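Alright, structures below, take your time with them.
Below are two complexes that have chain A in common, paired first with chain B and then with chain C.
And then the complex of A and B:
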């Protein structure tokens, strides 16, 4: 199972996601990247992140993404 | 708002798609965007092939082509059309109504009603509702509902948010009274305060087209778009659908006393595969009962996606048997709508190519 940081790096290899606390404000993830990320996280962790949770505040940084995954039942 | 209709039925469906097919692989060269990211998007959203008109082709051209096919094949008689409803966001002109142009080009009788309805992707269900209401009149025995759009002509080729998903097409649905004691339930909601999420800003009287409105502007995420082009706030629309549509459907089914398992198919408007998968997950409906493959074959052709899935996925079945289906259509307005009905045995249920 890949780590969230590894998945992010595959989507946007040009950024260091461990060095940012707000991926959206720092321009590292746009709305389409979020869609790609959700599809990859769903597959990787065997969950379905609800559509209503696909909002920028859940994808701000590694902590918020991991919290979302835990809420969806993923084991990290 | 809830509606109930009695003794009404869909008799036949014909979808007209342009012969001209574009592929996402071609389109992505236009985007100022790394190819690898575009390919990931293709996989998730289901972007692949789509049908778009050649320059100059209008809604009335697609509609007349389809109606001439039905008249020529003897599937529809000229004099039995009592009303012609056209749902479109891309009319031939501001004035006159495109439905009148279609009536005139076909030489249909004068003793009939022609009406344009300005609705986007919610327009199939709301168009059906209008048709059912007209059939309450003794003088109306057959209604032709046309859903048609050529929105590709208003999409910026440099806008990755919308260009790769847009398709063009027309659907002709014949609606008449049902000899059976059928009951159709429908619900519709509107929220005009969110109208700006899906809009063509210029070209109307509020902001007439000009050299300035035709100028391509950098609009973020490396996309270029003019005010003459269609704008979609993808995130807002996505969240609107995920938030508003499931309760609308749940309430509709509860009102009809039908469980989700008793619905053979949920035929939903198809903006992209990802949105439909998330909708199905939320409603706990298997993907097989909520088809999501129209976008990859035809593009998002607006209010034509639901008739397209009927004709593409269920062509023979709907001609042979009757199925319990729940339709859900949502989009510009914002408007969202759902309908529960028995669909089939259709006299015709086909897709033809406009040449």
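And then the complex of A and C:
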């Protein structure tokens, strides 16, 4: 199973996601990337992230994404 | 259709439609600052239906249609009841990869939306080597009208989301518009938006009398030179505009797989 940081690196290899605390403000993820990321996370972790949780606050940094995955039942 | 008075009304509609809807679908991704501008200028209207909410953002002599729906079936069921469908001139944007965009068409085409044009996103990583550019500076307040005229003459108002006069003024104030002047006249401009490590070229245009004088390349080179911190550059271009695509490729941009299928309703003559 891939780590969240590895998945992000595959989507946007040009950015260092471990160095940012706010991917949105830093321009590293846009709303379209979020859609791609959700599909990849669902597949990788065997979860289904509900539409209500696809909001920028949940994709701000590695910690918030991991918290979202745990909430959806993923084992990290 | 009711006018939206505050951003909270939009967020409430989003939450209401999303609640218990794992297959929630939308083409509405509003940034709060942009939403506030639209509301402040009385441009945004909403109509709610069971399982869906529709928004119309007024733009010149037509509107941009946005939808939120619990799922595709709800969208297909409720669109015919949308009061603006037969009375408003509208375009709508479906953004995503090819498969995602195709998924929406069975809901929208039976309601009278037809394929109008298609844009593609292009991206480049890092800055190209630049140098030898002609002088370029930021546009000033006095350039606002000429800048808007240049954009309106060079781009398609239905397909390319042209800025309103207040957006041009604000962009100039925020130093997001580069201007090249020749003989005291605005010869070309490059309108961009930078957020953190990413930057998007929204419009790059040269006025007809100044074509083939390297005005466009001066603007693009100056743009890259000024965006020192940016790692990812993007832009949207009409998929049929081979001349523009070739120019962007020259600067290192390449398609990144995202497309914007623009549809127009029957009130707009194609």
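Some points to look at:
Here, the second predicted complex is superposed on the first by the 76 of 76 C-alpha atoms of A that agree within 3 Å, B and C clash if a C-alpha of one lies under 4 Å from a C-alpha of the other, contacts with A are read in each partner's own complex, and residues count from 1 in each chain.
By definition in this document, a contact is a pair of C-beta atoms (placed from the backbone, for glycine too) under 8 Å apart; a residue touches a chain by one contact, two chains touch by 3 or more.
Values in this document were obtained by computation on a predicted structure and should not be read as measured data.
With both structures placed on the common chain, the touch criterion links A:76 to neither chain B nor chain C.
Legend: residue contacts after superposition of the two complexes on their common chain; A:25 is shown touching chain C, with no touch to chain B.
By the document's definition of touching, of the two partners only chain B reaches A:11; chain C does not.
Contacts of A:35 after superposition on the shared chain: both chain B and chain C are touched. Shared-chain residue A:52: touches chain B and chain C both. In the superposition on chain A, contact of A:3 is made with neither chain B nor chain C.
Within the superposed three-chain model, A:67 lies out of touch with both chain B and chain C [touch as defined at top].
Residues common to the contacts of chain A with chain B and with chain C across the two structures: 12, 30-32, 35, 48, 50-52, 54. On chain A, the positions that touch chain C within their shared complex are 12, 14-15, 25-28, 30-32, 35, 48, 50-52, 54.
The touching residues of chain C, counted against chain A in their complex, run 15, 18-19, 21-24, 29, 95-96, 100, 125-126, 194-199, 230-232, 258.
In the complex of the two chains, the chain A residues touching chain B come out as 11-12, 30-33, 35-36, 38-39, 48, 50-52, 54-56. Chain B contributes residues 37, 40-41, 43-45, 160-161, 220-221, 234-235, 238-239, 241-243, 274-275, 278-279, 281-282 to its touches with chain A in the complex.
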